[in-house]
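Consider the two complexes below, in which chain A is the common component and chain B and chain C are the respective partners.
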Partner chain A sequence: MINVILTVLAPLIGGVVYGIERVVKARMQKRVGPPLLQPFYDFFKLMDKRPIMIHSLHALMGIMYFIAEWFALAVLLLGNDLLIAVFFHVIAVLALVIGASSVRSPYSVLGALRELMHMISYEPLMVLMVVALYLVVGSFDIRDVLNYEGYPILEIPLVFFAFLLTIPMMLQKSPFDVAEAHQEIIGGPEIEYSGPFYEALYTGKWIEYIYVFTFVFLFGGSHYWLGILLVVLAFLFINLLDNSSARLDFRTMVKFAWSVLIPMAALNVILLALWQ
Partner chain B sequence: MGALVTLNIVLPWIAALIIYLAKKDVVTNVLTFLMLPLLSIIAYLAYIQPHPVLIETPKWVDLLITVYDFGLLAYFFYQGIVRKNSLIAILASIQLIFLVIVLLMMNHSLTPNLYIDDVTLMFYLIVAIVGVPIAIFATKYMDYGEKGKHSFVAIVVWFLGVMNFAVSVNNIEWFFALFETTTLASYIMIGFRGDKEAVNNSNLALWMNQIGGIAILLALMVFIKINGVYHFTDLLKNPSLISMAALGFLSLSALVKGAQMPFHKWLLGAMVAPTPVSAILHSATMVKIAPYLILRISPIIKGTLLAKLLIITTGYVFVVAAVIALSQDNFKKILAYSTISLLGLMMLGAAVGTPVAVTASLVLIIFHAFAKGFLFVEAGVLEKVFHVKYINQMRRLIERAPLTLMFIFFGFLNMTFVPFGTFIGKWMMIEEVSNFLQHGSYILLIIYVGAGSAFLSILYMKVLGISVRKAHGIEKINFVKLPATFNFVSVWYYVWLLSMTIFIAPFIADFVVPIAASIAGQADIYATGLTLHMYDSTLYFWQILGALILIFLIHALPYFVKFKADVVHPYNCGEVFPRHMETWNFECIARYEGYFVAFSIALFIMVVVLGGGLL
Partner chain C sequence: MGFFSKFRKKSPWILHYNTGGCNGCDIEILSALAPRYDIERFGMLNRGNPKQADILLVTGPVTKNCKDVLRRLYLEMAEPKVVVAMGACAHGGGIFRNFYHVENGVNNIIPVDVWIPGCAPRVEALIDGMVEAVEIWEKKSKEKEFLKDHENVIKTLGVEDDG
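Up next, the complex of A and B:
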């Protein structure tokens, strides 16, 4: 039941999460920050703006990104196979990238290409993480993971750690926010969107929060308190990292993912498989 | 059954002969088009017959094939002399000597020479449904300023017959003859245009594939010497006694035929030929012999060191070919690299050899055939109608060639995305392999599959990104009128892919799983309605349909949706935006190509030496 609610209300909950994040970030910087519901005020303001677009394809892809992201979340929460949910996420990336590269704007196109670099950094790791969870639980079914008696985090700590460092790549946080890079390429894929179409993209990003943190939650197994704890800690850690680090080059990101994170996760998986 | 099989094999040969001799437009067009219903129906009739069956052949056929073998090798030798290519001549003469030795060693066997099982019948269907439309496409393609239309179409049709024959044989010596015939066919087709580049590339294809021929002959010698058998069915009778060295050689020939690195150059060279050649080589025929061969021996090599080394090698090629493809700028070359990459995955599945992995491999073979045939046909349309060969010429295709771009978009999506066949293949592979992670080679496999599909996805997205780019207002969408033949072939593939994807669950459960069962045993895959189940995992129909709708909207909707909003130029942070924009060419990867190939050579040697147990 809770998964249906979570799926249906994902944009709302994601918005609240994003609001919390902005407050947390502000407090970390000793600012007061915006009100909690600021994302929704933004929403109403953006919806009220005059719709402007470069061309229909571009605008449409923004909306498709939102829908695909939501659908990927539905597959994750309502389906029963984690691996399929990982691959569904690629459709959202497809919409984003096609949209961003469909305009002749250097920042947008550069952002789209960097988005692809993001994908080769986190995609294999997501697959490995799901396989690691399978190894622990013995099933790809999300319900089985959530009914697992043990503590997945204790059996695959390195995988969790690797995933923790992958979250900035997925959520566009420093030091791996290379595709958005606001000070450098002014938001990358989202620069040419405005008004309601930008809102679609913006909301899609909120849903991505839920998508990512659901995976974090899974590491708690049937101990929901642990899952929630992990989510909160991961959330704080990501924001701390975001606040305290400078952006890295995209090459560094890919290299880091491929030479540190993936081997680390693979090592954990092999050791666990041997130990079992 | 015997008659149907004979028809399947002989009909294309006869049609090809008539087309070649008649040299008339009407004959060529009508006969090629007729092959589609004829071959499809015959293949289907054969499929519903009881199988597997062994078919006896008259003695004279055996003799004929042996004579033909010598004739073929003599022809290769002659070509080597004429073309002043000593490598071809030397390889041909080595094969001649080996063939004589094999024939001397061979004792009479009572096992019939034709073996028709599920895999064979599946290939008949693929050849009929995927292969023939390419010949139909060629009849129009060759009208666009190409010489020798009739002989070209004749060769294409003949090739289909050769492929049908190659997958029906049981006798490995016959298989060698057919293997070499496909080499001959590709040699003629690649060199068809007759210019310098074509000649060079056809030479390359010839000598590389001859190495595969030598490997088969070596395998034959070892089989006969150690086991005294030379039929596929005899090999399967007592798998534990079969010589690993011979199997290693057979796998080697598969790797060569399947254009796996370092032998990938010949398939890339095929792009200088008219596009239908690439289409036919990549989709229904020729390279598919490679996974076919591994599937044949997969019950024997399952779990051996050879299988593990094959997994490592082909998996490596799967990733590296996708990576190298990123740095290419020729559209056909990109497609060729993605074929090499996916062939690796097909062989990998066959080498893993468990029921689910074999199913995955078959699914990949089927869907890849359709998608690649489709993509190459579209590449041919781009080349002839829109004069586009390189991806930087693909700018604004969305306005210039909307339908063709939509088809290409769909073909690309078919290669990696949910819910299409290739995705299902990968999904099955990952879930299956997760069961035996204790072995290092399998965890490597998961990284391979995860990484390889990510690389292929970014490759396709990069190419698509270029073709949809437009400064502002995609308004002048120009629906160019294409020849009816082109439209027919495109729509044919499109409809097949779409309907197979919608019914993918029953398709896999009722069609592919029984085929896999005949090789590796019953896989735990079944369908309830349109939902696919595998072990405990489920791919619900709402997921398939949802993904299909999403993908459909993404690839087709831009032509129909017009938002009522004000159109502006890109904001671009207020800066001036350039007239032209390039895309990353991934030059940094091209620099490492040498290393990639060198490493693949090392793996290749490992397969032969360690996998074959020669040491």
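Up next, the complex of A and C:
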């Protein structure tokens, strides 16, 4: 029941999460920060702008990103294959990349290429994480993971740690926010969207929060208190990292993902398979 | 004016553009974002992207090189939008008035709604100007806005605007 509610109300809950994040970020910088419902005020404001689009495919791909993101979350939460949910997430990012590379703005095209670099960095790790969960639980089904009696975090701690450092890549946070570098390429793929079409991207990002933190929650197994604790710790860690680090080069990001994170997760998976 | 217009004042996003001033005003703008004044508590963000911004905050006497960029930024912003001119230079040139390379203020290029006087204005003056800009912005409609000498601009630039 709770997964249906979470799926249907994903934009609302994601918006609240984003609002909390903005307040937490402001408090970490000793500021007061915006009100908690600020993302929704932005949403309503963008609704009221004059719609301007570059061309119809570009606008369609923005909306497609939102729908595919929501669909991936639905596949994840409504008790399906974890692996399929990972692949549907790829479709969402691809829609963003196609839309961004179909316009003439160099920042947009550069952002699209960097978004592909993001995908190269985190998608193998997502698949490895799902494989690790399969080795622990014995099933790709999310219901079996949530009914697992043991503690997945204790059996695959390195995979969890690798995933924790992958979250900044997925949520576009510093030090790995190369695709959406606001001071450098001013939003990257989202630069040419305006008004109601930008809203689709803005809201799609909120859904991504729920998508990512659901995966964090899975590491608690059937112990929901542990899952919630992990989600809160991951949330605070990501914000702390976001506030205290500068942006890295995209080469550094890909190198870090392929030479540190993926071997670390793979080592954990291999050791677990040998031990079993 | 629909249902959503009520929420406009809660999230004005700013586009800041320096048209060749001395950078004094820009430091004040950055100070407004910093912990002491924290302009984000009113929902204001410095977006740096004309397509998503609502308030165009211009500083400096518009130099000849900046003229077309400023006009383009104004035209790229989606309505409703407000222009705020900040500092003495933006009000007709300031100490750069009648120099060979300046256009004597923002008002000669794009229509200005709010003026913030001072050299450089204090952050309190900036926030006061922003509040006034938001009040004007709330009353604006979604209709397309044109430059003052729209026909002349089209003639000189040789581009058609599809509206």
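Everything below uses one rule, namely that the second predicted complex is superposed on the first by the 275 of 276 C-alpha atoms of A that agree within 3 Å, B and C clash if a C-alpha of one lies under 4 Å from a C-alpha of the other, contacts with A are read in each partner's own complex, and residues count from 1 in each chain.
What we mean here is this: a contact is a pair of C-beta atoms (placed from the backbone, for glycine too) under 8 Å apart; a residue touches a chain by one contact, two chains touch by 3 or more.
None of the values given here were measured: they were computed from a predicted structure.
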item: Which of chain B and chain C A:182 touches, first, second, both or neither; value: second
item: Partner chain(s) touched by A:33 [first = chain B, second = chain C, both, neither]; value: second
item: Which of chain B and chain C A:91 touches, first, second, both or neither; value: first
item: Partner chain in contact with A:41 - chain B first, chain C second, else both or neither; value: second
item: Which superposed partner A:191 touches (first chain B, second chain C, both, neither); value: both
item: Partner chain in contact with A:225 - chain B first, chain C second, else both or neither; value: neither
item: Touched partner set for A:50, first chain B, second chain C, both or neither; value: both
item: Partner with the higher number of touched chain A residues, chain C or chain B; value: B
item: Shared chain A surface residues [contacts with chain B and with chain C]; value: 50-52, 186, 191-192, 194-195
item: For the chain B and chain A complex, residues of the former touching the latter; value: 398, 413, 416-418, 423, 427, 430-431, 434, 437-438, 440, 443, 446-447, 449-451, 453-455, 457-458, 461-462, 464-466, 468-475, 536-540, 543, 546-547, 550-551, 553-554, 557-558, 561-563, 565-573, 577-578, 581, 583-584
item: Complex contacts: residues of chain A adjacent to chain C; value: 22, 26, 29-35, 38, 41-42, 44-52, 182-183, 186-187, 191-195, 198
item: Contact footprint of chain A on chain C as seen in their complex; value: 2, 4-8, 10-13, 35, 38, 40-43, 48-49, 51-52, 54, 78-80, 142-144
item: Residues on chain A engaged by chain B in the complex (per definition of touch); value: 50-57, 59-61, 64, 67-68, 71, 74-75, 79-81, 83-84, 87-88, 90-91, 93-95, 97-98, 100-109, 112-113, 116-117, 119-120, 123-128, 131, 134-135, 139-141, 144, 186, 191-192, 194-195, 197, 262, 266, 269-270, 273-274, 276
